[in-house]
Structures are given as C-alpha cells and as structure tokens.
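The data blocks that follow each hold one structure.
In what comes next, subunit A is part of two complexes: it sits with subunit B in the first one and with subunit C in the second one.
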Partner chain A sequence: MNQRRLHRSATMALMLSAAIAVFVSAAQAQTVLLENGKIIPVNGEPIEKGSVLIKNGRIEAVGASVDAPFDAKVIDCEGKVIFPGMIDAHTWRGLDVPNESPGVTPFLNVYDAIDPSQLFFEDSLRDGVLSIHVSPGNNTIIDGLTRVVHPIGLTPEQMTTAPDVAMKLSVTPKTGYDRMRQMAEFREAFRKLDEEMAQLAEKKYEDKLREDEKDLTVPPEEAREKGKELIEPKDIPDKNRNLLMLSQGKLRNFVYCGAAMDVPAAIRTAKQYGFFDQSVFVLGSETFKAIDALKDAGRPVVLDGNLVHTEADALTGEEEETFVPKVIDDAGLKFALQRQWGSTLGERYLWYQAARCVREGISRDHALKSITLWPAEMLGLGDRLGSLEKGKDANVLVLSGDPLKMTTWVELGFVQGEKVYDKAEDIRLNRLFAAPEDELGPSTAPVSQPVEEGHTEVHQGEYEEPETDQ
Partner chain B sequence: MSAFVRRSWVARMLMASLMLTVVAQGSVPADGDAAARPKLAIKAAKILTMDDDDTVINNGVMLIADGKIVAVGKQSKVDIPAGFDVIDHGDDWILPGLVDCHNHIAGSLFDLNDGVYLTNPGLRTVDVVTPRNENLENCLSGGVTSVLLIPGSGNNMSGFGTTTKTFGNSTEEMVIKAPGSLKIAQAGNPERYWYRVGRRFMNWNLRQTLEKAKLYHDGWTAYQKGEIAEPPTFDIVWSDFRDLFDGQFPVSVHTQIYQVYMTTITMLRDHFGLDVVTDHSTFDSYKLASLIKERDMYAIVGPRVFHFDSRDRTINGCAARFAEQGIERLGINTDAPVIPQEDLSYQATMACWYGWNDHYAAIKGITRIPAESLGIIDRVGSLEAGKDADFGLWTGSPIDPRSVCKKTFVDGRIAYDVEVKRRTR
Partner chain C sequence: MMRRLLLMALCLPLITATTLFADDRADESGPILLKVGKVYVSPNEIFEPGAIMIRDGKIDAVGESLPAIDDVRVIDMPEATITAGLIDAAATVGYRFGFHDAEHRSEVVPETRALDTVDLHDPGFADLAAQGVTTVYISPDAASVIGGQGAIVRTAGPRAQRIINPASSIKATIGREPIVKASFNRTPSRFSGTSFLTRRPTTRMGLTWVLRKAFHDAQMVNRGETPGTSGEGSPSAESMPILVDVVKGEKPLRIQARAQNDILTALRVAREFNLTFVLEEGTEAYRCIDELKAANVPVIYGPIFDYPSGWRAQAGEADRFRLSAPRELLDAGLTVALSACELQGEGGLGRMGAYARRCGLTRKEVLAAMTTTPAQILGIDGQAGTLAAGRGADLVVWSGEPFEATSKVNLVFAGGALVSGRIDK
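The block that comes next holds the complex of A and B.
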C-alpha cells in the first residue's frame, strides 16, 4: 500500500472526528521495534519477553532478541502484550443497508456503499479489530462481492486490505420467499448464466467464421461448443462476470445457512454449481444441529454473534441451552467468531466472544485463532494477516494486558506498519475514564463538548432524515 | 343559490386574472427591441467587477450598449461617448448579476422528476424553461440573473440541466447553454424508488449507464479520428453525452453526506474523468475537502449552510469548514425553491455568519465562482468589457441583509426596478 496515502488517510480520519485519537508522527512508515513485550504470535508459543520489528509495512522479525537497525523507532512494551490485529470475519456494518431489494445481484460490490465516516470503523479501530470483512447481509439469494478493509482511511480505496474477496449467498429464504422459491432462484440464475454464455460462444464462433469467410451454416450445438474457447474476459458482460467466476470455482463464497435444514441445501447447491471448494458457511444459532453434515463437508464456518442457542422443549417447556462454538470445535471445524454489533453487552467485542469460548471449555489456542488466524485463512489472507510472523502485514496491536482479560485495552494499533491508533490520544476513551473533576469530565460534560454516542443503530444515526428538497 | 355561488366564483376568477394581467403589464418592459436595450453610462460609488484581478472601482462608471458591457472604469478615466444616457446612481454599488448552480424554479415545478427509471439519460430541462414565471420575477428582485435549471434529485440520473438567464421573453432568448450540465444524485433521495434501493445498487446502476454513454462517445471519437471506418449508429439518447465527455459542460451533482460526496469524487471525477460541480455540498461533506483540493474541484455549498454534527455536538458552517481547509473555488447555492431564489445573497450572508470570515470571497461565491464552475464565465459572473450586461444596482454590499437591490439588468435590459414594482425580497 502506498504509505503516503495511508498517512494522509490517517490524518484525515483525525479530522473526520475531532475526538478520535488517530495520529501519525511521520509521513513515511517508520521502522519500528516493539521491545520487551510479551508476544502472543497466535501461530506459535508465546514469548515472555521479546521484540517485534516492523519495516516497510511488514513484520520483519519476531523473537526473544531481534537485531534492529540503528534508525528504528524503539517502543518499550514492558508489561504489555503484542498481539496481531483482530479480524471480523463477516459483517454488513459499514454499509448503508444490509441488502438490496432484488435477491439476485451477483454484480454488486460493497465498494459502492462503504461509508468510511461511520462510527463503526472508529470503534473497530479502538477495539483492535484491524481487518473487517464487509459483506452484504443474510437477507438475499445471490448477492455481490465483499471486501476486507482496515478501519482507517478517507475512501474505500484507502481502506482496502483486499478487494473482491468473496461472493455472498444465502440458502435461507429471503424475506417473502420460501425455501422452494429460494432454490428455484438459484437454478434460474445459473441456467440463465449458462444460456447467456452459450449464446456468447455461438456469436463468437460465428464472428470467427465470418472473419475467415467460411460457411456460416454450422449447427448451434457445434458453434456453442467451439466458441467457448474464443470468449475473452472482455467479452463477458459485467452482470455475469462474478457469477461466472463463482461457477468456475474461482471465487471464494460465504453461504448463509440460517437453520440446520439449510446445510444440506447449501452443500448440494455449492457442489452442483462448482463453488463448494471455496465455500465458507455462515451459520445461524441453531445450525449447529446439522453438525454431522457440517463435519462431513469440512468447510470452515462463521458463527452467529449469539453464541448460546436456547430452545424450549415442546412438551415440558424446559429450556435447554447449547454453547454453539463448543459443538463446532469438538467436531474439529475451523471457525470464526462474529461480533454482535447491535448488542449493548459484551458480544460486540471479539475478545469477549473468545473469552467466553475459553469459559465453556474451548482451548485458549483455538479461541485466539477464531478471532485472528482462522478468519484470515477463510478470507484467503492467511499469508498476510492473523498472526505475528515474518513477512506478514504489520497489523499489530500493543495491548495493556492479556487479550482475553477484561481490563485490557488496546494501547497502540499499527496497520501495515503505520501507527494509526494511540490510546493516549483517544479523547472519547479518555473521557470515559476521566474523573468527574477532570477537565475532560465524563458524564456531566456540557453540551458544547463531544460526548460518547450510544452504540446502537450507528448505521442509521449517520443519516439524517431524507431531504425534502429536490 | 348555487348559481350565485358559481357566478361569484367565475367572477372572482375573472377578477383575479384581470389583476394578474395588470400586474404583468405594470412591471417592466418586455420587448426585445433597441429601445429596451439602451446605451447607458451608469455611475456608482463602487463597482465590484469580480474580475480575475479582484478589481474594485470606487467612483466608477460602466458603459453598456446592445446588451453588452462596453467599458468599466473610474469616472475620471472613462470618457462617456456621445449617445449614452448617463444615470447617476450616487452612493450605490454595481455588482455582476448573481449566479446560482442549483435551481428548479426557472422551469415548471410540476416536471421535476420522471419516476419510472432510476437513470434517465434522455431528458432535458430545456424543455420546461418557463419565461417570466412568478418565481423568476421574484428572483430578479434579489439580483439573480443566471441559473442552472436542473431536474430534481429523485433519480440517480434525472436529465440534462440548462444554464439560463432569469429574464427574457422566450426560451431561446434566455438560454445560455443547453445542455448546461448533467444532473446526478448518487443518493439522498433516489433510495425512495418504488422498490427500496441501496447505494450498492444505485451506484452500480448509475455506473452502467455512464459506461454505456462513454462507450458511445468513445466509438464516435474513434470514428472521427479515423481509427474505425464505419460510424457507430446514431443514438439520440447517448448523443448528448458526447459533449459531456468532451468537457463542454459539467456534471452537477446533488451531493450530500460524506459517503455520497466521496463517491461523487471517486466515481464521477476519478473513474470517469468528468468535470464535476458538487452543487449541494451540505451535511458533513466538508470532511472531504482535502480530496476536493487535490483535484482542484469546485465546492458549492447549499441549501443547508451549517451542519450540526450530532456525534461530536459541534456546529459547523459548511463554507467555513471548506474555506479553512484551503478551498478557494467555493460557492453558495439555494436549491430554489427550497430556499427562494431571490435569497441567494442571504445564503452567502448566513455562510459568513457561520464563520466564513472572507466576505469578499462570499460575494465571489455567488458570482464568479458558480459562473466558472458552469463554464459560462465568458459571458456572465463578472463585469468586464465584452460580457453580457447583467448586473444589479445595490445600496451596499449584497451580503449585508440591510442592502437592497434597486435595479436588475439582464442583457442590457432593465428586468427589475424597485420603483416600478417593489417585490418583498
């Protein structure tokens, strides 16, 4: 990434909101040595006292002792924890609306609706979520392309970690549809794609014959077959390009299965149309009941933000609770945790979700991987994100303590080697912790001073009533 | 009884129409003959020429003839030739006619948006220019002489705008440029389409329409350069876009909140390379001023001139925020009838009240800047020899709300005179 651009975006984000603590001290990405910290690299054993060297936006070295160049900026992390930036595997936040009205829109792209000014991104940065997979919501059939962004930048271009990462689909019926109709829409979409591609092949073949001044009277079947290889990428209409890639198994896909009964349909559909090997299943809270089918499929899954499934026995009324991640983990599947952003409780933090997994008996190693390395792998970014390893993007957090501890805060955040967050400069957060007599004043702040806004409905709060003018 | 009521109703209608006729006749001369375009030498205490050098002439005189400005200068330096009637306006100021980039009242307010499609490349506002309508008569009392008449923002692409004078007897007489712009609204109103649409769909759809238009333009360009032998098939819908992609006129965009303003810059300017006028820069769009500055674009603020940031509880003057980030190509618009067209100068007043401390720049923002942004600066927007004789005679600075526009001239004709009929501006 262009470092100057990232810097500019970082400073602009400061202006976006006078209250957020985002600043960068130098125009160029510095060589930075984080030393004397406890390193939790996620992919290996923790190092009790070690250093991480950041250079050219990448992690250059991790170890108990690291040789740093003379010009490296040295940050003492005594008593702190160095941890990879956390990853939100799947969210529609950051967009204006989760889904469009039409259900089959494979040509759409979240790029067109990402709103960098949303408080959601600022909060993600503060919470240490340095990579966010922005995807259309679940109320859809074949939706558009997704994107992985870092929560800092003026425009989606500046925020992009990886564009066009996956296609979003849902086998669970869209509002107003039933399951038969939902499946019929899949069939229709792929049939139409086949037909249009066949017509294109036929036309290409006939064009070729015409060009070569040959006899045009060939059977359509033959033309359609022979014309296939004549199709060049530029011939493919925009509206079919993504769907074609999907059907050729060249596009990662996130398939929503809201209920257990949707899992077989998802597997069948993915296999039938050739995208199963790239599938990630996004599960609803009761989908764990199809654990055998999920286990057979062996594909990674994204779990619902609500980790506990509660169900009342139909006869006795007795409530039964299931901690979903445990079922998934016991089946040996790789999983990613989601934030439940609308929640006013801890579910809106990834670290909290992971801590609850440990509480319910999942290993600490798996819990940490479910918010870092596993989502990175699901997104095809396992070589760039998710752990502290030489050569990976320097998306690094300096935490005040263990990532799963309730008193821990993000102290520093680096995105691609640039310091983009410093808790000391985070005015909103500092106000939260300030004593009443402090100049910043917490709850009794006069209206002229910035105050923390409620976290619910941030996406709508950004938008004032639609205008009445023309 | 009923007959009486009916007769009475008819009588009232007759009375009303009679009165309207009287009013129309009692206003100002409408004929386009030489008598209405006199040779005049107008003396004034101050002439704000709004030219490139920001020349302000004290105790000046301006000569006009045949609807054009002949000379502007100090009274001591300009000789008044024979045949020019001298009007001494003593303590008054002469200002260029004001220019507004965002207007709906020069046309019919019943024909704002066609609601069938989200993008409407075949529509033109030149079809609905309505000379001498009541709103235009009012607008002249505020010294506004040129406007960009655009369709509403109910669709993502609602048609081609028209730059037009606010006074004249026919569309032909009034129009400066048609098309004067292409009107686009990327979001902010079009989401109310009969089935709800979000920004992913709207931006994709708009981009597809523009890609088609560009393909047409590129085809013809290639033909004209001799790169292809056969001309593409003529298409009356896409043909209007040829001048757009050639930079003959800008896209005027109903921009809005941050994300919408941003996509205007990234899609229309960066991706399509179009000349963009963001003539609705309200809400928190000033947060993107650095992108505007990098690209040397125009930012035209209005109809809202301040933004209350509920997140940080701050009051922000939109123009002031742009100005403090170094935006000099900064203008003000009304979105008439949202803000009455005659109140364009009040819009500038309020922009100053909300912290835009450069009051001269604010006057520039309702004269020269909008004229430049619309590509009509060769004819209007400043007082220079050779330009159209469009100007107002003011009792003082136009952004001082105590000032009155006493007379408005359009193409050398008197279009408003407070002494003939005072309108309550």
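The block that comes next holds the complex of A and C.
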C-alpha cells in the first residue's frame, strides 16, 4: 500500500515537473533586443541610448551598443525607458486569508494559499511590480514560509520566482494577545523545539545502542549529547523543520514590529534564538522612533505603506508629521517601500512611493533602489533580480518615460524573458480610457438637434407652463 | 518671580491677539522678493525665470526679474516654481461637529448656510493650505435635495480676509445621497415600513418631484401668485426668497450628480425652469457630453479615480468611472474645474492634479482647472486664480514644477501672509 502510494506520488511529481518544464521552456525561448531606449540599470549610471538583450530568460547584455543574434526579436524603445521590474518586498495580498488563527505555525507555507486569480496580481503587473514577496500577514507570532512570485501564471508553481524564501514572525501582539503573552509564546515555541529535538536525539542514541546490542542504561544527558550527531534530516518532523532551520540561522526571516517598543524586543528575540543575521524588520510607521536601535542592528527594513507618520500632541492637539523613509535613509539603513492599498491616486504604485521619497529629500539613487535592488537583496535574490545586469533574470520593464514621473505608464513587461504585459492589450486599462460607443447609450440630444425644442410636452399637464420673462 | 508672572500676564493678551488675528507667521511678511525658476502668472502667462514682490500682503509686482530695493528680503529659489494658490470649488472641510451637516428639518433648506456649521479653525483648513489650496468653496452636505448655500473662504491667512463670500451658490443634489444618507435619523423601521414620520423622498422620482415643486413654487411666487402648500416636499416660506433668486438667475445654483441618469435629470429640470447651473462631481459626465455642451454647463469634476474606495466602493453609484473623463470633457469644449472632493490626504488637490496629468491633461490645463477656471465658476476671478499685481497674495511656491510626484509645496501665502512653510533667515 505504502509502496503504491509512493509510486503514484512519484508519477505525479514527474508529470508536474514536466508541465512546469513546458511552461518554463516556452518562457525561455524568446530572444529579444530592446534597443534605442534610455536604460536605467539601477546598479550603475543610466545609459542615455542603449540596448538590452534578453536570451534564455536572462539578461544577456546591457550597453550602448549590443550585438544581437540574427533571430532576436527587435523592439524599438526610442523615447522609452528600460527599467528593472519593481519588487514588492512584503505583502500578504495574493493570499486567500492573511493569517492562520493559531499564532505559532512555522510549518505553514504560503504556497497553499496563493490565489493566482486575484486582481491584485493583475494590478501589480500593470503597475510594473514583477516580483512580489507573498508573506503571511502581521497578525501572527511565528507564521509560515513565504514565496517570491511573479504576477503571471495560472498556478502558484507557474508564478514562483523563488520558493520558501523566508519565515514570517511578529513581535507585535497578535489580536487578543498582549506583549507578555506574545513573548511567552516565542519562548515556549523554542523551548518545545529544544525539548523535542533532545528527545529525538535521545531516541536516536538509544536506537543505536540497541542496534549495537549495548547496555541501554545511559544517563539521558549523555544520550541527548551523543544522539545529536545521529539525527539525519529525514528524522526531523515536518512541524519542526522550518523552526529548526530558523534557530540555526539558516532561514531568512521577516519580523514585524508594529510599534517603536517592539523594535528592541525583535532584536533581542532574533539574537537570542539565533536568527538575527538573517533578519529583515518589517516596520510600522511609528517605529522610526526606535531609529537608534535599528541603526545599531544594521539590518535592512521594510517600511509601512503609509510613509508619513502623523501624531497629535496629547495636550495641544497639534499634529506632527514625520516622513519615515527620510529618518531611515539618514540612518544609513537599506529599506524597501511597500504600496499603500485602499488608495486610488498614487500610493498604490511603488514608483509613486519612491517619488515621494525624492520629494522629501532622499536621493534618487536610494529611492530607485528601495523598489528594486534593495528588496531583491533582502530576499536573497540580489544575484537574480533588482537591476539590469548580465546574467540576471530578464524581469524588465519598458516605460513611457522616467520611472518617477507622474505621466509615465508601463508599456511592456517581461518576466524571465517572456513578454507578459503590453499596455496596448490591457483590456481593463483601455476601458478606463475610451468608453466604447455602445456603452455610452444613444445621446438624447445630438449636437445637431437643438435641445430647447419639444422638451415641455413631456411634462404637459403636470403643472402650469413656466412663463419665461422676455 | 512675581514680576515675571506679571509680565507674562500682560503679554498674554498681546500674544493671543497676534495669533488670532494675523496667524503666527504673518509678522514675517515684510516686503519679500521671491526669485524663482518659473512663475505661472496664469496658466498661459509664464515668466522664466520669474520674480514676485510681496508688500503689505499684496502682490507688488511680477516679472522676469525685479530690482531688490534695499529694505526687501530677497529669497532665491532657482529650482522653484510659483503658481497662484489652488482653488477647490467643491471641498468638504471644516465640518467638525456633526456626523454630517445637513439640516434635516426639510428637504429644501437653501436658507441655511454651510459657513454657519463650519469651524474656520478646523485643522482641515491648515492641511489644505499646506497642500497649496488657498481658496475653497465649502460644499454643503449632499443629504438634502436642495441644501444650503456654500461658502467661499480662504483656507488660512489673516482672519479678516478668510471669508470671501459667506453665501455663495446653493447646492442641490440628485442621486442616492438625499434618499439614503438623509434618513439616518428617521430611517423607516424594518417592521412598520415607511410612514409620514419617515423622511421623504424615498426614490429618485420623489427626489425630482421635490426639486420640481420647489422651483415651480418659486416661479409662482416670482409671478406674484401663491403656491399651494399641499405635499410634504413643499418648500418653506423661509426658503422662498432664495429660491426666487435662483429662478430669477440672481443666485447661482449647483447640482451634485454622478450617474448619467442623474445628470440628465439635472439637465431636464434645469431646462424646464430655464435655470443655469454648475455640475458638481459629474463622475459620468463623459456619458452626457452632448447634452452638457448644448446647455453650456460648467463641470466641477472630481475626484478622478480608478479604484472606488471608502463609501464610493459601497455606494454603487457611478461605478462607470473613466480615467479619461476630464480629457473628454475638455476636448468637448466644456468648462472644467477639478476638485479633490474627499480625497484630501497626501497632497490632496495637487496630487489630483498630478494624477490628472497621468490621465492625459497637460500641466497648463491642470493649472487652469485648479486656478482660473474655478475662480471663474465661483465668480471670484477678480480676486483669485491669477497672480496679477495689486492682488492679495495667494500663491504657492513648489519645489519644482507643479503637479509632479517628485515636487512638493514649499511655501504658501494666503491673504498676503505666509501660512505654510518657513523662510530661513
């Protein structure tokens, strides 16, 4: 029975990988030359007029002049800007529900909850966000594994850029919890992990003694110590595997700190349980007040979509506004911007958030990096995403103008070398710009017909005919 | 110690007086010469580079370069651009005390004034000023069929100059709001259904009837006849003089309508009673361009959105929004002003202007739709909207070109006083 099930799942896996292979190979077949465009590679100086060659899903060459193979599809980008796909460093959107109700669920994986049909992905594509770090929400303690996806594909597999990128944690209390309980849950989770791993070690050692037909009466401390080396990866129960990797410093982690007071707790916890060197802090807008602690920690941060923190003085009622990215930038930290949802006029666009940074005095270089290269680095994908460099994934945008200009639209989008977005074919967007004739309904008053005539007869008898003063 | 206290006590009224009557930074407004990269005197008259001299709260001179007379403080901002202060012709601001501020005594309350319920020191005004909006028409709440008279005020500056017109146009609303929103305190019970105790109208038919009845009665009064008073929607005696003024064309009328059918209703009623009006919001105005053009109706369009948020998402009214609407209205030759309406966060009207550019308007068109056009619609083009010499200084100094995502409002003058931003000494 067991054997058969194994067999069946192996076949399934084979079929699945075959399906992916078809998709991937289709994606990688295109060789495209984007020529005559202004190139903003992010990692270096812009090239006023240059070309980008895309081959096998990767960027093959970037430069003022590029030798293209004869079969390359040439796209003229005269007057356009070539820019790397933007990266959303952290969002729970795209999931059906942001968080599981128990707080400690390190064995979960967003893979199981990504809904490719969500309009969110289509919007992201339209807005030039070609990599999205889908992560469990902030209402948690130790949540599951995250995933970087591109906003195109019918299944999470097709959408995956990188699986199991990081673990999501939160030191800010989950709904119904207070901070004491939140931290107690952290301690309990790691204590339990230690205990279960010790029991596993003990069992492994006993098994070995039994195998070797030796005396089983060994002190438990000795068994636990000696059994440690005997544990093989397959012995570790699934529910502990991710947490163990985290505590061994082998798993990237995104730790949410909603308030300034959570920052020291996050740093302390991360250091205590051995995952600090892989930490990225996801900050609420008020946390800029803990800038000294953040600066000392020196870890990269993801900023709240609400870039301005507003606080009313408790006594005078006077409001004080702080532009948070400026504080973070001045401290020399690498940051990533998030989009602000629920808004229609700009904050929903990553580039607009970056433009706001420039407006408030952050250098253009840093602002552009905060939506491309820095989030890529935070996700451990700095070698694949975030800039236009040879060898990186061909996640490339062709923009109608400068990325921080209000009049700029995404015209073309390439994900791993495949053209996945074309503004000219964006039905939803085009609908917002040109109302088809049949939708407008027949005009009751064509310009050629004078409207003044005949209008009163409709209401005849309803009341007296209004007299018009001559 | 005693002496210091005494001194403080003596100074206190003085300090209060200065803050109340001149705002805290007004004393900085000695003669100032602003030298910038560009001055938009009006959308079509540009000095590049440009300079503006402000003296005694008034624009003394505007030009490409002006001589710095010795007592003048010269402020050099080569990157900056100056425009006239922005005008939002349909702002909802200053309603601080109520859930919403419509008078519920009747459906027809043109005798009420929005200014009387507005707190001119509401922080909302300071926020608008900081965004570069120096003048607003405070739009009466849309919960009445014929609501109150809106007020035209400066958002900041010396108090004596805040109120430009305490009783501007009256606002009628055609749509869902007077039907649903108004009845919150007299909602028909789930069990008893509607009765004479509950609010009318309950449908768009009833709403239009109330509107017709009001203007019909006003026309009768205007002819010296006495209208019948039957029917719940009859206008009160107090409202009659105002309604008569509207019918006579002496009091301007604006109608808030969003959906195509509501806009067409507005046009129909206006035609029946020979009224001229200004259309507010007009989300689906692009669907009645021919009719609007034939009736020569100016539109205060706004907000532009591609994602209905907040109550707009729930209202289900005018969900056929278009990003191209302002462009289409302008192309048809209509008079179009832009308003941010309730979207006043993050740059407010300025952000709306930037977004309008994204939707196909040029910078000059946006500037016109936020300065000269609303001034003309509101009938204050003699006082606001351009930077002519001799006028009170209502102006905005932008860090770069206006209506760019990367530009911000650095300084704002309203009524001649610096009301937002700081000039380094």
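Note that the second predicted complex is superposed on the first by the 405 of 470 C-alpha atoms of A that agree within 3 Å, B and C clash if a C-alpha of one lies under 4 Å from a C-alpha of the other, contacts with A are read in each partner's own complex, and residues count from 1 in each chain.
Keep this in mind: a contact is a pair of C-beta atoms (placed from the backbone, for glycine too) under 8 Å apart; a residue touches a chain by one contact, two chains touch by 3 or more.
Since this is a predicted model, take the numbers as computed values, not measurements.
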| request: Look at A:100 in the shared chain and tell me whether it touches subunit B only, subunit C only, both, or neither; answer first, second, both or neither. | output: first
| task | Check whether A:407 is in contact with subunit B, with subunit C, with both or with neither, and answer first, second, both or neither. | result | second
| said: Per the contact definition in the header, classify A:110: touching subunit B only (first), subunit C only (second), both, or neither. | reply: first
| Which partner does A:92 contact after superposing on A: first (subunit B), second (subunit C), both, neither? | neither
| task | Could you say whether A:344 touches subunit B, subunit C, both of them, or neither, answering first, second, both or neither? | result | second
| Both subunit B and subunit C contact which residues of subunit A? | 447, 450-451, 462-464, 466-468
| field | Contacting residues of subunit A [partner subunit B, same complex] | value | 8, 12, 15-19, 95-97, 99-102, 105, 107-110, 112-117, 119, 136, 144, 154-157, 238, 447-451, 453, 461-464, 466-470
| field | subunit A contact footprint on subunit B (complex, rising order) | value | 104, 112-113, 151-154, 187-189, 191-192, 195-204, 208, 211, 256-259, 262-263, 265-266, 283-284, 287-288, 290-291, 303, 310-314, 335, 338
| request: Name, in rising order, each residue of subunit A that touches subunit C in their complex. | output: 308, 317, 319, 342-348, 351-352, 355-356, 358-360, 404-407, 409, 432-435, 439-441, 443-447, 450-452, 455-456, 459, 462-464, 466-468
| field | Complex contacts: residues of subunit C adjacent to subunit A | value | 123, 212, 216, 219-220, 223, 260, 264, 268, 271-274, 286-288, 290-291, 293-295, 303-310, 320-324, 343, 345-346, 351-352, 354-355, 357-360, 399, 403-408
